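Both complexes below contain subunit A, partnered by subunit B and then by subunit C.
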Partner chain A sequence: MTPNGAALFALIVVIGAVAASSLAGLAILAGLLAAMAAFEVRERAHRALLRAVMVVLPLAAFMALVWVGIVGRSAAEIAAGTPGTRQAAALYVGFICLRLLLVVLAIQLVVLRFDRLTPLQFVCALRLPIMAKRLLVLTLSLIETLRHAIDRARTALVAAGLVTRRPSLRNVTTGWVLVQTVWLTAVTIVVGRMRDKWPAEQTLALLDDTLDAGEPLPLSTDDRIWLPVALSATLVVLGAG
Partner chain B sequence: MARRELIAGPNFSGRSAALRARLDAARQPSFFIGPYAEAALSGLSSTVTDEIAIYRATGTPVRRTAFTPLDFAGCGARKPQTLSGGEQVLLALHCFSQSAFGAIAIDTALEQLDAAHRNAALDFVNRSDERGCDVALIDNRLTRPPHDWSVTTLAAETPAFACDPAGFVANVEPRRARSLTIRGLDFRYPNGADVFRGVELTLEPGQAYRLFGANGAGKTTLLKLLVGVLAPSRGTLLLDGVDYAPWRHGNAAFALATQNPDHQWCGATLREDIARRRAGLGRRREIVFPSDQRLTEGANKLGITAFDQHLYELPLAARKRLSWLWPLSGVMPWLMFDEPTIGQDGETRAQLAAALTQLGGLGHGVVFVTHDDDFACRVPHRVLSIADQGITAGRGG
Partner chain C sequence: MFTTPRLIAIALCAALNFSIGSIVFLLKLPIYLDSIGLILCALLLAPDRKTGLVCAWLSGALSTTLSFLILNPFILWFEMTDVAIVLVSVLLTARFHQTFRARPLPTGRFAAAVIICGIVTGIVSAIVSAPVVAYLFGGVTGSGSAFVVAFFLKIGRQLLEAALLSGLTAEPIDKTLQVLLAALLYRATPADFIAMLHAPDAAPRKAA
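Here is the complex of A and B:
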């Protein structure tokens, strides 16, 4: 697969997962992703699944608490004004989480498929307008900045004895200080960069030159197999809905 | 002939503003390396390889030879912000050497480099003349620039942030810190190489230690292990022979002034920062928290009088001085300073050296990291050399 083929493949699967309205539809997409994982990502596929589960699990726990534990009815039952059951609420939560799991899994599989490329090389290889590529790079940059800010804020607060390195009751009571410090740090990092570095160098113009260099690869034979398969599967899912 | 200029003067004499004015007046974009990472690296890349790719000239031919003091290809997959402060500066210089920029401005960044890398970097910018490249440099340790450089010396018109760390320390109560023993310490970052392997070390209080090693050797990592930000993969710490695990139970023994002062604030203002530290450490019986009056006096001695001013509104050099408040107040038995002299003029460095010497005499344990030999010579100390995943205690300096 090429980066463009993989990105299109993921986009089609995400559209299918969002549009799917039955478990059968989601099962078809899960099968498609399993096939892609087996052929393209191979032994590293379990890492993609693990990451997707780690992302979805907290949301699943929260949704289960709210919908099954507190509300006790599914969304459809609320809309219809019927009494409803916790079982229906659990099914509803399961369906939403499965849909999200497939979305995250599709993205993770593409990330792992091209883990030998750096993020910038991957974005450069995409057939997109410069503005869209620049937005992608800035989004990734913001994510890295936030991660860096978390590390910096945590260093400050652990050294000051406000939070502990390991999970603790103290961290629960002072967690808000960490959140506040992270945001303050992130803002100052970005401001420092935009005030001093970028205007002097016109760094964003340099980035545009880098993103514009080289021709994106045409779709490969693999892409020409995977994309029709993904499109067909999604059409079946939409038809089943 | 290209213009090469050293902008000299004390802190708060307007050197950084003068540097920026030169950048604004330049007819073309200039490469800029600021004092800390957010103004040294582009912030647009997730890996070292990407950082270099952004700056590598695509169209215009580059006339300069590459400045490659480290194996950047070997650490191409690393995130730039996981490099040490000095390594980030070296990466920035490497990026400049690959770029088509016709001018470079460096604001005190070279002060973070170890002696070998600093000499190589100064040699590299000095040879910019051969390539028709303009250079503007601020560096507190460069008292005598090469003969054909122009020097602009600025003077502070009004005294600002007047600093007297030795005067602050004069009122610190004597105490006897417990001796620190490190036994069989191993550490490695996730997916990284070993930083420490089987480190054995004993540090006695009432003494200053200079942590010494090349950029990226693990100096800051050791300080982070001691305050509990990182946990060793093996090994123990002992205070007077009693197990001490700050990564498990929290830090109660080491006050740290970080290399980048902005890595240590716990609040948006000094008042908030102090209040939160008090809340965090006040519950520990072994810590005698100074009174608000004492801390106010200390901040004043470090040049800060506005407790409710946003910390980031202070100039960087003033924030750096304020970062010493915590360890200089003697609230904790062991005091650690990571590159405390970066961005500080000669007078302030001399005063800080006097303060560290006094603290050692009061019974505290003092550990400082610096590449500034002149500063280190002013503080009676023993050298702790970090190299090849080990730490060796050397003779006094």
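Here is the complex of A and C:
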């Protein structure tokens, strides 16, 4: 699979999972993802499943608390104006969670399929306008900058006695200062880069050359198999209503 | 339109949306705080509405995509809410950009602008979000506002009505808080960064 093919595959599966309104529809998509995991991700597939479960499990617990514990009725029962049961509410929450699990699993499988590529290589391989690629790369690079900004700001504010290292009431009242300091630190860092560092090192010109180097890979033979299969599965799910 | 400083501003605002929004989502508070960067982006680019509209929307879309990929599988379906917030931010909130940066702080006008913009943004986003919450997720979402939906369902309201009432209860408070935080960050942003954003050429300017 190519990055473009994998991204399209995930998009089709996500649309299918959201549109699915029956367990049979979700089962079809689960089968499709299992096949993709077996052929494309292989032994790392269990990591994708584990990550998806870790994302969905807290949501499931929260929704169960709200809908089974407090409301005690499913959406259909509420719409019909019937008293409802907690079992129906639990089934409904289970269905929603299964849908979310498939959405997250599709994304995680794609992430793990290309985990040997660096983020820059993955972005370069995507068939996107150069400006979109530039924005993606700058955002990824700024995440690291923000982490540094948070470290610096937090250390300075702890040293000044404005915030504490551990959770405290003082952090609630002065936490806003930390947000403001992080913002100012990040802005100051990027202004410095734009004015001095990047022009001196010709960073943006080099980045554009890298992003523009060669045509992105066309869809591979694997993509030409997986994409029609995913599309057919989604159409069946949509047809199943 | 996409000069390097503007791309940087989009990325920074997206990161701000993502980081604060994620913390609030994990804490299950009945507010969101996931559009501060989007409102800030519209303010930073005021009074250029067209650029503000595109850049603020891009920062919202980027943070929504990041949150969807990493943490919150619900959020992608609220993209239309982002669009609505961008429109209100560009057409209304950004009109007050001079008030938000005025020195000394005009307390009364500042507070009035924040409250008006916050309430309007909140009402608009509640109306746009309610059908998504009710029809796509049957009222079930992973955010803390689900408690408010649950309360309205418990007292006998229908699903769409409960989702709308929940939105109208929580969103104006949430959005007023978001406009306040965005206005304070805008006020604290260095003037030379804002000047860079308004410079037409992509080449960074040397400090005077």
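Simple rule for what comes next: the second predicted complex is superposed on the first by the 162 of 241 C-alpha atoms of A that agree within 3 Å, B and C clash if a C-alpha of one lies under 4 Å from a C-alpha of the other, contacts with A are read in each partner's own complex, and residues count from 1 in each chain.
One rule holds for everything that comes next: contacts are C-beta pairs under 8 Å (C-beta built on N, C-alpha and C of every residue); 3 or more make two chains touch, one makes a residue touch a chain.
The structure displayed is predicted, hence computed values, not measured ones.
Legend: residue contacts after superposition of the two complexes on their common chain; A:M131 is shown touching subunit C, with no touch to subunit B. When the shared chain is aligned, no partner comes close enough to touch A:R51: not subunit B, not subunit C.
When both complexes are overlaid on chain A, the residue A:L184 reaches subunit B and subunit C alike. Legend: residue contacts after superposition of the two complexes on their common chain; A:R86 is shown touching neither subunit B nor subunit C.
Once chain A of one complex is fitted onto chain A of the other, the partner contacts of A:T210 are limited to subunit B, with no touch recorded for subunit C.
Contacts of subunit A with subunit B, set against its contacts with subunit C after fitting on chain A, overlap at residues 138, 184, 188, 190-191, 198, 204.
Note for the complex: subunit A touches subunit B at residues 118-121, 137-138, 140-141, 144-145, 148, 151-152, 154-162, 164-166, 170, 174, 177, 181, 184-185, 188-193, 196-198, 200-207, 209-210, 213. Per the touch definition, subunit C reaches subunit A in the complex via residues 2, 4-5, 7-8, 10-12, 14-16, 19-20, 28, 58, 62, 69, 71, 73-74, 76-77, 136-140, 142, 146-147, 149-150, 153-154, 158-159, 181, 184-185, 188-190, 192-193, 196, 203-207. Of all the residues in subunit A, the ones that touch subunit C in their complex are 14, 18, 55-56, 59, 62-63, 66-67, 70-71, 73-76, 78-79, 81, 92-93, 96, 100, 103-104, 107, 111, 131, 134-135, 138-139, 142-143, 146, 176, 179-180, 183-184, 186-188, 190-191, 194-195, 198-199, 204.
Of all residues in subunit B, those touching subunit A in their complex are 20, 23, 29-32, 34, 36, 38-47, 49-50, 53-56, 58-59, 76-77, 79, 81, 99, 101, 105, 224, 227-231, 247-252, 254, 256, 258, 262-268, 276-277, 279-281, 284, 312, 326.
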